[in-house]
Amino acid sequence: AAITIATVNNGDMIRMQGLTSEFNAAHPDIEVNWVTLEENILRERVTTDIATGGGQYDILTIGNYEVPIWGKQGWLLPLEFSADYDVDDMLPAIRGGLTVDDKLYGAPFYGESAFLMYRTDLLEKAGLTMPDDPTWEFVGDAARKMTDRSAGINGICLRGKAGWGENMALVASMANSFGASWFDETWTPQFDQPEWKETLQFYADLMKDAGPQGASSNGFNENLTLFQQGKCGMWIDATSAGSFVSDPKQSTVADKVAFAIYPHKDGVDNHGNWLWSWNLAIPTSSKNADAAKTFIEWATDKAYTEMVAGKEGWVNVPPGTRTSLYENQNYLDAAPFAAKAKEAMDAADITKPSVKPVPYTGGQFVAIPEFQSIGTTVGQLVAAVIAGQSSVDDALAQAQSTTEREMRRAGYGR
Amino acid sequence: MATRQTASIARLMRLPAIVVLFIWMIVPLAMTVYFSFRYYNLLNPAAGGWAGFENYQYFLTDPAFWQAIRNTLAIVLGVLAISVVGGIGVALLIDQPIFGQGLVRILVISPFFVMPPVAALVWKNMILHPGYGVAADIAKFFGLQPVDWFASYPLFSIILIVAWQWLPFAALILLTSLQSLDGEQKEAAEMDGASAFSRFRYLTLPHMSRAITIVILIETIFLLGVYAEILVTTNGGPGYASTNLPFLIYRAALLNQDVGGAAAGGVVAVIIANIVAIFLMRAVGKNLD
Amino acid sequence: MGTIQLRDVHKAFGATNIIPKLNLDIEDGEFVVFVGPSGCGKSTLLRLIAGLEDMTSGTISIDGRDVTNEAPAKRKLAMVFQSYALYPHMTVAKNIAFPLKMAGESQAEIDKKVANAARILNLSNYLERKPGQLSGGQRQRVAIGRAIVRQPSAFLFDEPLSNLDAALRGTMRLEISELHQSLGKTMIYVTHDQVEAMTMADKIVVLNAGNIEQVGSPLDLYRSPKNLFVAGFIGSPKMNFVEGKAAEAMGAKTIGVRPEHMKITVTNGAWRGVVGVAEHLGSDTFLHVHTDDHGTINVRADGEIRVSHGDVVFLTPEPAKIHRFDANGKAL
Amino acid sequence: MGTIQLRDVHKAFGATNIIPKLNLDIEDGEFVVFVGPSGCGKSTLLRLIAGLEDMTSGTISIDGRDVTNEAPAKRKLAMVFQSYALYPHMTVAKNIAFPLKMAGESQAEIDKKVANAARILNLSNYLERKPGQLSGGQRQRVAIGRAIVRQPSAFLFDEPLSNLDAALRGTMRLEISELHQSLGKTMIYVTHDQVEAMTMADKIVVLNAGNIEQVGSPLDLYRSPKNLFVAGFIGSPKMNFVEGKAAEAMGAKTIGVRPEHMKITVTNGAWRGVVGVAEHLGSDTFLHVHTDDHGTINVRADGEIRVSHGDVVFLTPEPAKIHRFDANGKAL
Amino acid sequence: MARAVKTSTRVSYTIAAWVVALLIFFPILYTIITSLKTEGEAIAGFNLIPSFSLESYREVQNQQNYIKPFTNSVVLAVGSTVLGLLIGIPAAWAMAFSPTKRTKDVLMWMLSTKMMPAAAVLVPIYLIFLRLGIMDSRIGMTVLLMLINLPIIVWMLYTYFREIPGEILEAARMDGANLWGEIWHVLTPMAVPGIASTLLLNIILAWNESFWTIRLTTTNAAPLTAFIASFSSPQGLFWAKLSAASVMAIAPILIMGWFSQKQLVRGLTFGAVK
C-alpha cells in the first residue's frame, strides 16, 4: 500500500522524513509519499481536502487546535494502539487536548509549551535576579533595565508578526495570564473588558520601550535569530526554542541562557496555558487507514525516540509528548531546558484557559473553528498597534466589533 | 476571405476554444453563484441551507471591504504607473547604443521569470527585512534607522514588489514597440526642428500608445488578482493596510473556509473587475486598432 | 537664399566608399534632379546635405555658410522622405503645423500658414483626417505641405513619387513643378524615373557608383550624353548600342541610336531584321526588331504602323542623331 | 480548356452594390485586361471568378461547368496577387512546388515541374533562396511560377506589376506577354496602367462603377471609344475634350482629340493658344497650351520642337482623328 | 541614425543602463549569491562575496527530491501550452481572418474569464476535480493550466495573425490547399515568431502559476511551485537554503528566458505592437 503524508516543514518533521528508509526497512510493503508544505498552506490544503472528502492524504500533520474540532466533526479516525505503545505514557495535558469523548484522534509527535528565556549576564548587569515565578511587572521592569539600544541589545523580544499562530499565540496566552478571556459564557467577545486593554497596553509599551526594531514583522524565526545573536535580553516563546538557544553551534549566548516559567500578572494565577503539539492523524477518507496507523505507531512510539537519539543525539529527539522522556537521564543531561519545559507543559491547562469562566477550551488559541479567522484578524489589529499605525483603544474596539460580527455570522448568537 | 464556406469553417474553428472556455467559465461560475446564496462553511458542515443575500451582505459590510477596494485600485494603479513609466524609461535606455546591450536586456527582463511567491520571499527576507535585509544594511551604512517596510509602508512595499515583477514585461513590450518606430519619422521630426524631448513627446510616445495599451490591459487583468505577494509578506496587514479584494476573498475562502462568503466575494470581484475592464476599454480601447 | 556647395564630399560606410569624392554647385532657385542606378548613392548624398548622415570628409555650405558640423534642424532645409514619414497619430493639420509648433510660432500664425499651405496643395478638405485615411497622393501632398510651411532655403525630395501609381504620379509631377515655379526655392530631387527627371529638372546630375557622370540640362543630356553610361541611362526606351562594323565605319567603337531616331521601312534600309514583339500603345508602337547583324534593336514607330510579329523590316538610323563613343565609352 | 462565362453576376457588400449586374464571355486562350478607375470593382470581379468572394447572385461557369458554388481550390484557376503573396518561410522551389504538393503529386514529378518552370522564368539560380532575398522582379516571377506549374485552365493577375519601378515593369510586361504566347492559356489581368493594358491585351474590358463600359481590342478602344468615359480613360496623355461652338460645328455635343493627333504650328491653325508648361522628354515634348476658346489643351509634339513657355502657337486637330460624342456621352 | 554617436555619450548611456539593469536584477543576483553562502554568512549582513558553499543545495536536495517536481513543471508548462496552442491557433485564425461583428466582444469575454479570483472558485474546482477523478494528475493540471492561459494565448495569436496579409492565405486556397493545408503549411510556419513568443510567454505563466498547482496536487503532479512552498517558512532563518531552493525553482525558466530573449522580443513585436 502507498500512503501519502502531509506534513509541515519543521525540523522534527524533516528529520522524520529523513528516516523514512528506516520505516521501509521494517515495513517494506508500505510505500511512503511525503507532501511537505508551509504550515498555513498545509492547514488550508488539508481542510479543503477533508471537508470535500478528497481522500488525498492518509496521514495528516495537524495541531492540537484542529484535532478536537475535526474529531468532533467525524473527519478523523479514532486511534487505538497496541499495549506496547503505552498510551498512558503521554503527557496528560497533551493527551487531554487530543481526546474527544474519550477517544484519541491524534498521536502527538512533538509538543511544546512556552517559557521565558533570559540572559543571565544581562540580568545580572541590571542588578536583578529571576524569581521562581516571574510576574509581568518584573519582566517589564527587567526588560527596560536590560535595554541598551546603542549596544544593539533589546530587553525583550516578543512575537509581533500578525497571525493566529504567530503574534496571537503570545498575545492570547499573555491575555490569559492577565486574567482576560476571549469570550464570556454567552460567547460575547471580551475585548471591551479592562483586562484586554491592560494586556495590550502593556505589550505595546513594552515593545516600544524594550523591543527590537521592526517587531511587528518578527515571528519565532526572527526572534530566535535575534536571541542567538545576543540581541535580546529575554524572549518568551515556545519551549522548543530551548534547544536552539542553548546549542553552542547555533547560539552565541548558549552558555548565558537560563529559563523560567511563563510570567503571570501579579494576583492572577494563570501562566498563559500555552500548549501546542503537532500530531499525526488519519482522515476518515483515507483508503489505507491500516498502513497509516502502522506508520503513526512507528513514528510516535518510544522506539522512534530512541532511534533518533541513537542517530542524532538526545537533544534532537522530538520533545513534549511522553512522560518517560523527561525521566530519561540521557535526555535531561543533554537538554538543560528540559525540566523547565516539562514544568511549563504541566502548568498549561487547556481545559481552563482563563481564570474567568469560559465556554471554550484552549490556551494560546480558542478551540473553535472560527478562531483561525478571528485570531488572524485580531492579530492584524494588534500588529498595527505595534507598527505604530493604530492605538490600543482603536484596535480593541475594532477587534470587538469584528469578532462580534464573525461570531454572529458563525451562528453563535442564533 | 469572406465566403460563406470560410465563415462556416471559421465558426467551427472558433468553437473548441469558445466551448472549453465557456464551460470553464460557466460551471464554476454557476457553482459559485449557487454557493454564494448558501450557508456553506467547510469547518461547519452542519450549518447549510439558503442564506439569501446574507453572504453578500456579510462580505460587503466587512470592515475591510472599502479599504480592500481602495487597496486593490491602489495596487493596480500604483503598479501600472511604476511599470509603465519605468518601463518607458528603461525601454528608452536599453534602446540606446550601449556596450553589452544583450546582457543588459537579459538582466532587465529577468524578474518577469520569477514566480510570484519566490519574488515575495526574496524581497521580504533578503531585501526589505528590517533586520537582515539589504535595505536595512544600506540604511545602517548611512547611519539611518532601518525602516520596517512591511509594517510602516505595507502597501507601498507590495506595490514595489509587484512592480518589480511587471516592469520588465512592460519594458520588453515597449522596447519592441520602440524598435518598430520608423527611423525616417524621427529624422523628419529632426528636420522639422524638434528637440529630443519634443521628438519623444510628439512622436515616440504616441507611437508607443498601442503597446502601452496592451501592457495596461494585460497587466490590469493580472494585477486585479494579486494575492500571493500579500500572503507571503504582510498577510494583509498591519490592520487592513495591505488587504486587497482577492486577499479578502482568500481570507474568507482559505482561512475561514467560508465557501459561501468567498463565493459572494468572488461574484462581487467579478462584477468590479468587469466594471474596471469596461472603463478601461472605454479609456484606452481605441488605441488597439 | 539657397545656394548649396559640396566640396570634396567623401562618404564611406566602414570600409566601402559610397561616395569617393564629389564636388557640386547648386544655384539658388534651381531644380536639380539626381538620377542614377539603384544603390549609386543618391539618397546618401541627399542625407549628407540634410545633415542626417555624417561626412567622412569634405565640406558642405549653404548660402555660403559652412554647415558641415551643423545639426539638421539648423540647416533650414526641408525634406520630403521617400516614405513620406508622416506622423501617423496626428491629423493632416497637425502634421503640417508640426515644424511651426517646434519653431514656437503663435497658434494664430500657425493656423494661417497651415490654411494657406492646405489651399495651395488642395488639402483643405482633409485637414482633420489622419494619414492612414488618405490616398497615396494626398499623403504625398501632406509631406510636401509639412515642408513648405517653413519657408526653408531649399527643399530635398527623396523619390517622393515612387510609391504612387502612374496616373497619380503624373498629376503630382505637375504639382511639384508648379510649386517650384511659384515658390522659386532651390529644390533637390532624387528619382529613378526618366519622365520625372526629364520634365522637372533645370539640371540633372547623373550619378554612378558615387561619381558624377554628367551634369546638365535634361535636353543636354538627351542630346549630348558624355559617355555610354549617360547615353544608356537617359531616354526611354533605352538607346540602342551597336558595335562592330557599323560602328567602325563611323570611326567609333560603339554607336548609339535612340529608338525614336530610327526610320522603319518594309522595302529598303540600312539594317534588315524581323519583327519580334510589337507593343501597340495606340499613340505609338514599340517594335523589337531582331536584326541580322546587330542583335535586337528597339524602335519606336507610329501608332498606326501596320507591321506585326514575323514581318521583315528595314531600319535606318537618322544620321544626325547617331551618337559615337570611343573604346573608353567617351563620346566622340 | 479555359472559357469563362459570367452570367448576371451581382455583388453587393452589405447595402452597397459594387457590381450591379454583369455579363462577360472570355474565350479560351484570350488575354483579357480589366481596366477602370480605382474602386470600380476590378479586384472584386477577379476575386469572384477565383471564388475568394461569394456572389450575391448570378452564375459563373468555367469550361461550361457551373462553378458558382465551388471552392477556390476546385476551380483550377491560378492567381497572381498584387502583393505576390509568396510564402515567406518557403524557398523559391518550395513556393513553386506548393500547389503540386497540395495536389498530392509525387516528389519526382514535382521536382521536374519546378525545374521546368524555373527554367522558363529564369529562376534556376534562385531556387534555394527565400522570397525576402529576392528583388521585386524575381519575386514577381516566383509568383508566376507558382501559378504556371499547375497547368490551370486560366490565370488571374491582380495588378501584378504595380509594386515595381518603371524599369522593371517594362521587362516584366514583356515576360508575361511571352509567357502567354508560349502557354496559350486564358489570362485575366487587372491593371490601372495604360501601357500594360494596351500592349498586353487581346481584349480590354473597361469597367466603371461595376459596369462594363466597353469590351474590345486595345486599338479598337483607342480608335473607336464608345463613349466619353472610355475615350478619356484609354490613351495617355488623356484625350482633350472640347465643347461649345467647335463641337456644335461638327454636329456633336463634345468632340475629343488626342494630344498626339494635334498639329502644332507657330503661324496659322485652327485654335490659337499660349504655351503653358512644356515638358521635354527628349523623345517627345508635352505641351500644355492655354487656348483662347477651348481651355487648356494637351499636345504631344516632337522632342525637337522649339517652343517654350509663353509662346503663341496654333493647334490643328487631324480631321480624321476627331471623336464626336452626343449629349449622353455616346460616340456618334 | 547614421550619425556617429559620440563615445562619451555612448559611455554615459552604457553606465546608466548597467546601473538600472543591475538594480533591477539585484534581488535575483543576491538570491543566487546567498544560495552560495553558509547559513551563518547569509544572515551576517550585506556581503556580495559568498564562500561558494554548495551545502544549501545539497541540503535542499536531501530534504526534497528536485527531479520529480522539476519534471512535473516541465510537463505541465509545456503540455498546457501545446494544448492551448492546439485549441488557440484555430480560434485565433478564425477571429483574425473571418471576423464577425462580435469578435472583439468574444475576445474581451475570453479575457474576462480570468477575472474570477481563484480562491473564490477553489471549492467548486476542487469538487469538479474530485468528481472527475483527476485530482493530483498531470492530465488534470495540464488542462487546468491550459484553460487559465487560453485567453492570453488566443489574444496574442489574434493580434499576431492580424499582421499576416490575408492574401497569402487566399493564395494557398487558390493553390489547392484545403483548410488543414492552409493552416499547417502556410499560416503556422509564417506565424512562427508569434507562436514561439506566445509559447514562451505561456510556458512562463504556466511555470509560475502557484495557486492551483499547490492546491490541486499532492505528490504525482506537484511542480516546482509546490516544491518552493515547502521551504517558504521553516523553523529558523534558513536563508541560504531558501535561496538555494528559490534558485532551483526559477533557474530553468530563467535560463530558458535568457536563451529565447530574442525570440520573445521578436514575437512580441508582431503580436502586440503594430
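Think of it as A, B, C, D and E in the order they're written, each chain with its own count starting at 1.
Basically, a contact is a pair of C-beta atoms (placed from the backbone, for glycine too) under 8 Å apart; a residue touches a chain by one contact, two chains touch by 3 or more.
Because the structure is predicted, anything quoted here is derived from the model rather than measured.
Seen from the C-alpha centroid of chain D, the farthest chain centroid is that of A. Two chains share more touching C-beta pairs than any other pair, namely B-E. Centroids built from CA atoms put chain D at 91 Å from chain A. Distance from the chain C centre to the chain E centre is 54 Å, each centre being the mean of its Cα atoms. With each centre defined as the average position of its C-alpha atoms, the distance from chain B to chain C rounds to 55 Å. Chain B and chain E have Cα centroids lying 15 Å from one another.
Among all residues of chain A, those that touch two or more other chains are 48, 52, 222, 225.
Across the assembly, chain E contributes 43, 122-123, 127, 170, 229, 232, 237 as residues in contact with two or more other chains. Chain B has residues 1-2, 42, 132, 187, 254 in contact with two or more other chains. Contact residues on chain E toward chain A in their complex (touch as defined above): 43, 62-64, 122-123, 126-127, 130, 135-136, 214-215, 218-219, 222, 226, 229-237.
Here chain A touches chain E in the complex through residues 4, 6, 9-11, 14, 17-18, 33-39, 41, 45, 48-49, 52-54, 56-57, 220-222, 224-225, 240, 244, going by the rule given at the top. Interface of chain C with chain D (complex): residues 162, 165-167, 170, 174, 177-178, 192-195, 198-199, 218-219, 222-223, 234-237, 258-260, 277, 279-284, 286, 300, 303. By the touch rule above, chain A contacts chain B in their complex via residues 44, 47-48, 51-52, 69, 73, 161-163, 212-214, 216-218, 222, 225-226, 369-370, 372-373, 376, 379-381, 383-384, 386-390, 395, 398, 401-402, 405, 409-411.
Considering their complex, residues 1, 5, 10-11, 13-14, 16-18, 20-22, 24-28, 30-31, 34, 43, 45-46, 87-88, 90-91, 93-95, 97-98, 100, 106, 108, 110-125, 127-128, 147, 150-152, 154, 159, 166, 169-170, 179, 204, 207-208, 210-211, 224-225, 228-229, 232, 237, 239, 242-243, 246, 249-250, 253-254, 256-258, 261, 264-266, 268-269, 272-274 of chain E touch chain B.
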